[in-house]
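Got a structure for you, questions after.
Chain nomenclature is as follows: A, B and C, assigned in order of appearance, with residue numbering initiated at 1 for each chain independently.
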């Protein structure tokens, strides 16, 4: 346990110190990584832990982003207000969509989440007067908290970093809690959990909603960071990207999605300097991981670590098998 | 004697195929019932109807005089009707301890706790109970081993242990000793004998030696219905049972 | 009907291999682009394209199956789905690299230009021909699945992979063949659809999503279901576009959601083994 606290404080210090020695460009990159890491972590709750593979997670990201953006433009840029708006709206959406999605599983779940996210997308696309349609929303005012405006990107970075750490810590406790253990149980063998007396649908529904709400929060943060939202942030390619992040990082682990988000964002930035064939690269990287490293970056790290310090194996670490997700 | 389970005119059809037809009987608290019958007689289906894994096409199931026909499986499990599976049905990538804890944490009413990490320090009584059970089932040395790396017999043992761990009122064992070695079988039979006397046991089993050793009452399923419901002695001597059961299953 | 031609390959592959091929849309797109290259450069003939393009796609499918997909069979269905998902990304950029991102189109062959009058309504001849091709294809697939030895093997493969091996049939060969036929159908769909729907970047994702919707509505792995669903979705989309242009896609997805909730296995779907 102490080890965990040490690591956590180390990360905290690193995040806090980063602006003092990194140029602004890298700080922005780091902000983006952290936002997408939150987004990936949210998907991971339902996909990595509860075993529900979704291809429509962008719906929540978009809902959060647009909710925060629209409220900031038309009502108030107060952060408590916009963040709460994003949370409430994604909560409602997850609540409704979840009701339907809980009726199906496997590929059908994948398809149904995709369908709902495309419905959200077409709504965003059509509702010109609110969302700006295909042009998106721009010129969104910076978030304000207790009279303080997060107009400087370093401040926005600190805000994102703080929320990231809170969410990461919260989710870590969640997945290790009795509740989280039940989600893992459902992923591995839902029949057994039912015969143990668990109402598995309820737990899955709860996971779906938690996942959706945190996804919505990451969307809101994205709005604070970018000041601009495009409908492509709700499109299914966004869902695909976050799915790739989770899987490349390592589903069913806490560090995996964060590493995945970091890798994909960094890769995209590097690649963009040379070619616009980004999807080609992303697809190839993903294929390589699917075939050769099914347990993701986290798995690779774990293996190397185990080779280094063979005698001291951590019994808590559960390697996640791809086919069982 | 207190009637704990009552089945009233239950039938089950899959499409046009009839598996069970008009079954009626009742079970008293603490009874040890053996269920035998040739393959395809509907034994497992019969269990599924009792546990709520399947809904009957017709008829009703009562638990302590309450109609539970439409209750889903997880609610029945909470009432105390617990089953084990014919094929091992465990959470194989998890450790033995984790499997057991999942069963126990529901009993301890902490399943919805999401803000507290589940570890030895925070949930001492939970872990202690798990360790006691592992001790009693002779699995203590495998506590932190993943289920998938255990032998088939040990997995089978865990399967039954998970059923017992909930302190059920009615325990339904679906072929508990299937595929086990003779010594493993003896061990299981001994553990079953040690179960509390007020626990109601229903066992499907092909090993007649095992079942005659445990059961006080036998139900023979044959051709969609109950052929005999009587003491093991009667069943053992029944010529029809000898002919259909032993004839199709081979001598034991 | 176009939808049916596109979807039936997907349905075939999914129904038999259990692989949800998310690169199916990409194969379709490549079929269309290859046809474009053929018609606009050396041959000028739609008919050459109609034969050559599906073959090119089929070869591509063969390569994919032999090199990439094969190495994931032991990893389970999810890996395969993800693999094809990655492929879809790769093909998207390859197509952009070769054919650029302009909107292109293929001319309807001269012999099929013009229109005919049915029940007092004017229909372009080409569309009527497509409907005819679709019906023939549906019947052909149905016949193949239910009446031939091949079909029997394939249906057996659905229920029990080991048994097939025991019968002395090379199951890998069956898988490869099915995947290649799936690719062939995708390529064929691409050529046939090109004169009607045109060629543009992102076409494969639009088509894929629509095809997936059809697949799910019809029930995974059911040819008859796919047929019914394509008619249903096609009608809904066309009328939706005409009556409420803003919400036509919304309608299609709403239909899928309703059907999935109402009948979780699709209209005519059988129980599909979960992962």
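Annotations for the structure displayed:
Just so it is clear, a residue touches a chain if its C-beta (ideal position, glycine included) is under 8 Å from a C-beta of that chain, and two chains touch if they have at least 3 such contacts.
These numbers come from a predicted model, not from an experiment.
Think of each touching pair as a link: the shortest run of links from subunit A to subunit B has 1 of them. When every pair of chains is scored by its C-beta contact pairs, the maximum goes to A-C. Separation between the centroids of subunit A and subunit B, computed from CA atoms only, is 42 Å. Work out the mean CA point of subunit A and of subunit C, and you get 32 Å between them. Chain centres here are Cα means. That of subunit B falls 47 Å from that of subunit C.
Shown for subunit A are the residues that touch two or more other chains, namely 324. For subunit B in complex with subunit A, the touching residues are 51, 53, 72-75, 77-78, 82-83, 85, 89-95, 98, 101-103, 105-106, 110-119, 123, 144, 162, 166.
Those residues of subunit A that touch subunit C in the complex are listed here as 53, 100, 103-108, 110-112, 114-116, 118-119, 122-123, 126, 236-237, 240, 243-244, 247, 277-280, 282-284, 286-287, 290-291, 294, 322-325.
Interface residues of subunit A facing subunit B in the complex, by the touch rule stated above, are 1, 173-174, 176-182, 184-185, 188-189, 191-200, 315, 318-321, 324.
Here subunit C touches subunit A in the complex through residues 20, 68, 71-72, 75-79, 81-83, 85-94, 96-97, 205, 209, 212-213, 216, 220, 246-247, 249-250, 253-254, 256-257, 260-261, 264-265, 272, 274-275, going by the rule given at the top.
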